[in-house]
Amino acid sequence: MSLEAKIEAILFYKAEAVTVSQLVKWLSVSTEEIESSLNQLGGNLAERGVRIIRQGEEVMLGTASEAGAIIEQITKEELSRDLGKAALETLTLIIYEGPLARAEIDYVRGVNSSFILRHLLVRGLIEREIDKKDARRFIYRPTLDLLRHLGIEKVEDLPEFETIKKQVANFLTEQVLVNIEQSNEDGTEN
Amino acid sequence: MSLEAKIEAILFYKAEAVTVSQLVKWLSVSTEEIESSLNQLGGNLAERGVRIIRQGEEVMLGTASEAGAIIEQITKEELSRDLGKAALETLTLIIYEGPLARAEIDYVRGVNSSFILRHLLVRGLIEREIDKKDARRFIYRPTLDLLRHLGIEKVEDLPEFETIKKQVANFLTEQVLVNIEQSNEDGTEN
Amino acid sequence: MEENFRVKIADFEGPLDLLLNLIEKRKMHISQVSLAQVADGYVNYLKNQENQSMELMANFIMVASTLMLIKSLALLPGLQLSEEEKESVSDLEDRLKRLQRVRDLSRHLKERFGKDIIFGREEGSAPVIVFSPTREITLPGLFEAVKRLLNNLPTKEIIPQTIIKKVISLEEVISDLAERVSRALKMSFGDFVKDKKDKVNIIVSFLGMLELVKQGAINIEQKAHFAEIEMENKSVGVPRY
């Protein structure tokens, strides 16, 4: 049985997000082999009813977005469709410019974002982890659930994604200093 | 999107077997078309990690039998692993405060708990039932096996049960207030 | 926004949202020029807010102080700004541009969210249930966990002290700025605002004074109090502020 088929079986069976390092461990192969098999699998599934969704280290299988309407007919799940303006803007920032700390989100939005971040965390649309560059704060990033709700298989499928990422990268090198000052001043995270 | 891909999406999504006549109904095509697409799908999946399993009128997807060993190994390993802080906290919340709906658990923890709940269910530590107050949602409670494992007969035997229950209950009644602030921030659509 | 004073502050998500709306309403690009033009509208808007929380107003007032700098600069090009002031001006511009970009991009999310959902497998497709406790699950272990949980319950956000401090020092900023402007103009602003306790009113007064300068309504030779200057001028009349 090919590595690709084994990965497919595991992802199907687990029915939830699995990390690349979990696959490495379970299948006793290198990260490179997993990555290349995931690529192959992704390519083979491109025209099928089931696709690979990927965000950072996490992968899962999901139905093709084109089949969304059909599944909606037969699902009993309660679907969430409503996103307010604050939620939309915060998610946009996190997807296109993320991962971001709260201080940076507050800075761009001009308001305190703790409630909206909490709301998005509870809905499972974003997740947070301790910032490796500054252990006193969290950084926020998109979840696979967010991608699922957007009907995209990876963040790069969003329009203008690459262009904006590049702009942000250029901008960030200039902004690093400002942001550090900002987070030192208002960096109380709860 | 091809009929075959649509069928694949449905079979992937559904946890249990689906009948050919259900597929006919959901996809508004003839039995013959379903049968021929199922054949095609069966052929295309022949070498993959996921296969079609057919018994009379019923079809479902399942992992390839060659993947059986690796999946068994993963299951064993998962079940022998520690729960970790987050899952332990969720479990404790359900023991002290249960039965609770997922929304309440998410609210207290401030993050989405669906994966953790699923994990606790699989391990037989909690069980769920339909909420009598709201049939669209489940409520979660500790299993009898868990109480027995802890050496207690009822949750009231837990250390400081009353005090802790009251603290969490207080927090949950404050929910209304905080939620209003959230929806104010979130709810403005323009 | 001058046309509609009844719009509530809660309709906007903070000062940048309000500013961006004011600029976009006039179909202008974000620049120091457009910011100077909407400064009055912004402050007027603030003036008509009642019963707002300290934190909410604090955010708006901080931006107002930067707008005053921008407007002063637009009217008095010779005005010297400190490094910090220069930075706060370009900072405000940058933030607005970023917010505008985020807002433009957010339509991609709005168009897609909840439309063609990708589904994972249905719940219930979970593996067989086997009771498998771990060694962490003991009464003391659970007690520890519940303590941790209680400690981590979110609390209401407290206004960061820094914001309050910044707002309090705003009065100093204004009087300092007024002094520099008046040195340039040979007049005093201090007496004009001496009976005004409300920070927003002081800002409004300051912008009002700048407006009078712009309209040529103030005799800059005159060394008297503002009120007297005002009376001397028939064409403008009493400031609406």
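Letters A, B and C mark the chains in the order given here, with residues in each chain numbered from 1 onward.
The rule is simple: a residue touches a chain if its C-beta (ideal position, glycine included) is under 8 Å from a C-beta of that chain, and two chains touch if they have at least 3 such contacts.
Computed from a predicted structure; not experimentally measured.
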Overall pattern in which the protein chains touch one another (line/ring/star/complete/other): complete
Chain occupying the most central position, where position means C-alpha average: A
Distance from chain C to chain B - Cα centre to Cα centre, in angstrom: 44
Centre-of-Cα separation between chain B and chain A, whole angstrom: 20
Centroid spacing, where centroids are CA-atom means, of chain A and chain C in whole angstrom: 31
Residues of chain A engaged with two or more neighbouring chains: 12-13, 16, 61, 63-64, 66, 71, 75, 85-86, 115, 118
Residue list for chain C, restricted to those that touch at least two other chains: 13, 119, 121-123, 125-127, 154
Of chain A, residues touching chain C in the complex: 12-13, 15-16, 51, 53, 60-66, 68-69, 71-72, 75, 77, 79-83, 85-86, 88-89, 91-93, 95-97, 107-112, 114-115, 118, 147-153, 158-160, 164, 175, 178, 185-186, 188, 190
For the chain B and chain A complex, residues of the former touching the latter: 1-2, 4-10, 12-14, 26-27, 47-50, 61, 63-64, 66-67, 70-71, 73-74, 77, 106-107, 110-112, 114-115, 118, 136, 178, 181-183, 185-190
Complex contact set, residues of chain C against chain A: 13-17, 55, 59, 63, 91, 94-95, 98-99, 101-103, 105-106, 108-110, 112-123, 125-127, 154-155, 157, 160, 162-163
Interfacial residue positions of chain C with respect to chain B in the complex: 10-11, 13, 119, 121-127, 129-143, 145-146, 148-150, 152-154, 156
